[in-house]
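In what follows, chain A forms one complex with chain B and a second complex with chain C.
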Partner chain A sequence: MEQAKIWQAITEKLIANKELLNDLDQAIGDGDHGTNLIRGFNEVIKDPVKLNGTWQASFNFVAMTLMSKVGGSSGPLFGIFFLNMSKAIKTASTQQEWLDAYLAGIKAVKTLGKSDVGEGTMLDALIPAVKILESNLNLNNKDLYKQMALAAQEGAEATITMLKTKGRASYLKERSVNHMDPGAKSVSLIFEAVSEALQ
Partner chain B sequence: MKKFINNINDIVPEMLEGITLANPATLERIDGFNIIIRKNKKNNKVALISGGGSGHEPAHAGYVGEGMLDAAVCGEIFTSPTPDQVISAIHAVGTKQGTLLIIKNYTGDVMNFEMAMEMAQSEGYTCDYVIVNDDLALENSTFTTGKRGIAGTIFVHKIAGAKAETGASLAEVKRVAEKVIANLGSYGISADACTVPANGKKSFILADNEVEIGLGIHGEPGVAKTTIKPVDEFVTDLYQKIKDHLKLTANDHVGVMINGLGGTPLMELSIVARKTLKLLAADQVTCEKTFVGNYMTALEMPGFSISILKLDQELTELLKAKAVTPGMVVV
Partner chain C sequence: MVAVLVVSHSYPLAKAVVDFVSEMKINNFPFQFIGGIEDGQRYGTDPMLIQNKLTELLVDNDVLVLCDLGSSIMNTQVAINFLPPALQERVAIADSPFFEGTLVAVTSNHLTIDLATLKQEVENMSRIAKI
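Let's turn to the complex of A and B:
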């Protein structure tokens, strides 16, 4: 499948859920997570030629575009994730290589955000999804991404009961509980879009 | 949502265009970037750059000018600017003496400004930064990303700006900026939310008799909700928190800022100023300079914050030094 189609599917999925993402952010942040992320992805899909080179080039282009268009904390965090995937992906021909790329991306997000699982962030959706890949290296992409999307969704749901300790949500202290983290939700939507595109 | 705008996507560039058209002698924009710089900038001084999300007007573009900032980098509403925007500002105003970035303590601001600083340094620019964290509502909190930077940031712009204007080195300008941050405390309160245009809805809902205390400048709820009472009682509470933090005692000297969050009439801010200054006088603390007005707003929030800066001789002189910007004039 052409990579541009995957990025298109991700962008459309985020656009379809813009209000949901903004509303989730409204509860514990300032209400524009969807708008900001979509501004970046809309720029990404403007250039299908750049997206359809190697996966390495594609991730690099997406990373740089998100970093220069999104702003806030989502821009650098999603940007550094794809940037480090780009550095690790090389031929993109084996699941092991994809796993290494995801792990490199996660490591960079952890370092930049000074965060880890359980703090109510995008990592709480990302890490469970990548764990599925880690333990199913021989599964076909269609079934694999279906399971990864499910794990990401469960991870996003799990942020509801968490006390948010990173980013703007943390300023609400105990009042941040009972709200889903919008960053975790957008990660789960991204996996959902990829899974649907592969079916 | 009812707002006097044309198109949501054009709010920031059109606002910046308006600011420069209204101040043609002192301000100019950089084409293609949401950056306002000082016209006729001085090249023999440390450059000061601040910024962050828009929606805090007159912060930050309003503090560009003589005695304060050399450039303001303006992100989308309540969203920090991106690294390439910050780098463009460094390119535009950075000098041989160096550039100091004044960053408010928010995850996005810190990440984007730090990334930009590292990239600019690799290009050969001399850069350093300070992080302002004056919001006492989050003091001693073990599960936040630290105290936010709010209205007290303007004291950092003012004093670091005055120091830079004297031709001081980057290390010296950073030293006074850090001295301000170490001697600063703010606390905010609001009677209602604001509406971020991207979302179009009020950021939180309060009953008619409720207020949010300990809030920041992004329309988020505070650390607690309480019942409305005469403002003198709120001022006394907030003052006490700041006084404890700064360990204010008789014969101390301070600067005071009573800051409106965008939707509070000057009438109410003046009543807040009245009580704050009376409390300081009762404690035999000398107020060297008082600012009352909208300095760091949160769109149309009907709230205010009190900021107090403990002063020594050096900070007093720098606070009283000349500054002429659209958002603050000290002569």
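Let's turn to the complex of A and C:
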């Protein structure tokens, strides 16, 4: 499938959930997570030519665009994730390469955000999804991404009970509990969009 | 002399901090700010804008950066990583309160101070008790 179609599907999914993402962010942040991320992705899909080269080029373009256009913390975090995926993806022809790329992206997010699983961030959806890939390297994409989307969704839901220790939510201390992290939710929506596009 | 760069999510906030603190500026060094994205019309920070500003300031000076919170820090770190390695060592982010840190950066800056010393001064002095 052409990369531009995948990015289009992701953007449409985020747009359809804009209010949900903003509401989640309103509860524990500054209320613009959906708006910000969508501003970035809308800019991404304006240039299908840049998206339809190699995956390496596609990820690089998405990374640089999100960094410049998003504004909030999801800009540098999603940006550095895709930037490091871009550096690691090479030919994008095997699941092992995809796994290596995802792991490189996760490592960069951990370093930049000084965070890890269990702190109520995007990593809590991302890492469980990538674990599915890690243990299913022979599965076809259609089934694989279905499972990855499920794992990301469960991961996002698990952030509800977590005490948020990173970002603006951390200023709320225990009042951050009982709310889903908007970054984890957007990761789960992204995997959901990819999975649906592949069906 | 070290250049001082203020990075904030908000253009009015960055401008106000720099304007106010400039009243205490005795020595002549570059003291600039970046605030918001889309020409300051929106809250946020942009690593490319920060990188360009750093590149410009680094021609003549090392640079100490004061950030407000969250993504301004992350985006400054990203911007520094985009610089050539030799320039990266000549930029530092102060781990300090935003306003007090900026004030100390300006009052402690002088002709012979180096980046590491200024950073240290900012991080120590900006946390002194007010009451």
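To be clear about the criterion, the second predicted complex is superposed on the first by the 199 of 199 C-alpha atoms of A that agree within 3 Å, B and C clash if a C-alpha of one lies under 4 Å from a C-alpha of the other, contacts with A are read in each partner's own complex, and residues count from 1 in each chain.
Criterion: a contact is a pair of C-beta atoms (placed from the backbone, for glycine too) under 8 Å apart; a residue touches a chain by one contact, two chains touch by 3 or more.
Remember, it's a predicted structure, so these values are computed and weren't measured experimentally.
Taken together in the superposed arrangement on chain A, chain B and chain C clash. Touch criterion met: A:G167 reaches chain B and chain C at once.
Residue contacts after overlaying the shared chain place A:G118 against neither chain B nor chain C.
Comparing chain C and chain B on the residues of chain A they touch gives the larger count to B.
After overlaying the two complexes on the shared chain, residue contacts for A:N36 are found with chain B and with chain C alike. Contacts of A:P48 after superposition: neither chain B nor chain C is touched. Once chain A of one complex is fitted onto chain A of the other, the partner contacts of A:G72 extend to both chain B and chain C. Residues 30, 32, 36, 67-73, 75-77, 112-113, 167-168 of chain A touch chain B in one complex and chain C in the other. Within the complex, the chain A residues that touch chain B are 22-23, 25-26, 28-32, 35-36, 39, 67-77, 112-113, 163, 165-168, 170-173, 175. Chain B makes touch with chain A in their complex at residues 53, 75-84, 106-108, 111-112, 115, 138, 141, 143-145, 148, 196, 198-199, 201, 203, 216, 218-221, 223. For chain C in complex with chain A, the touching residues are 9, 36-37, 42-48, 69-71, 74-75, 77-78. Residues of chain A touching chain C in their complex: 30, 32, 36, 64, 67-73, 75-77, 79-80, 112-113, 167-168.
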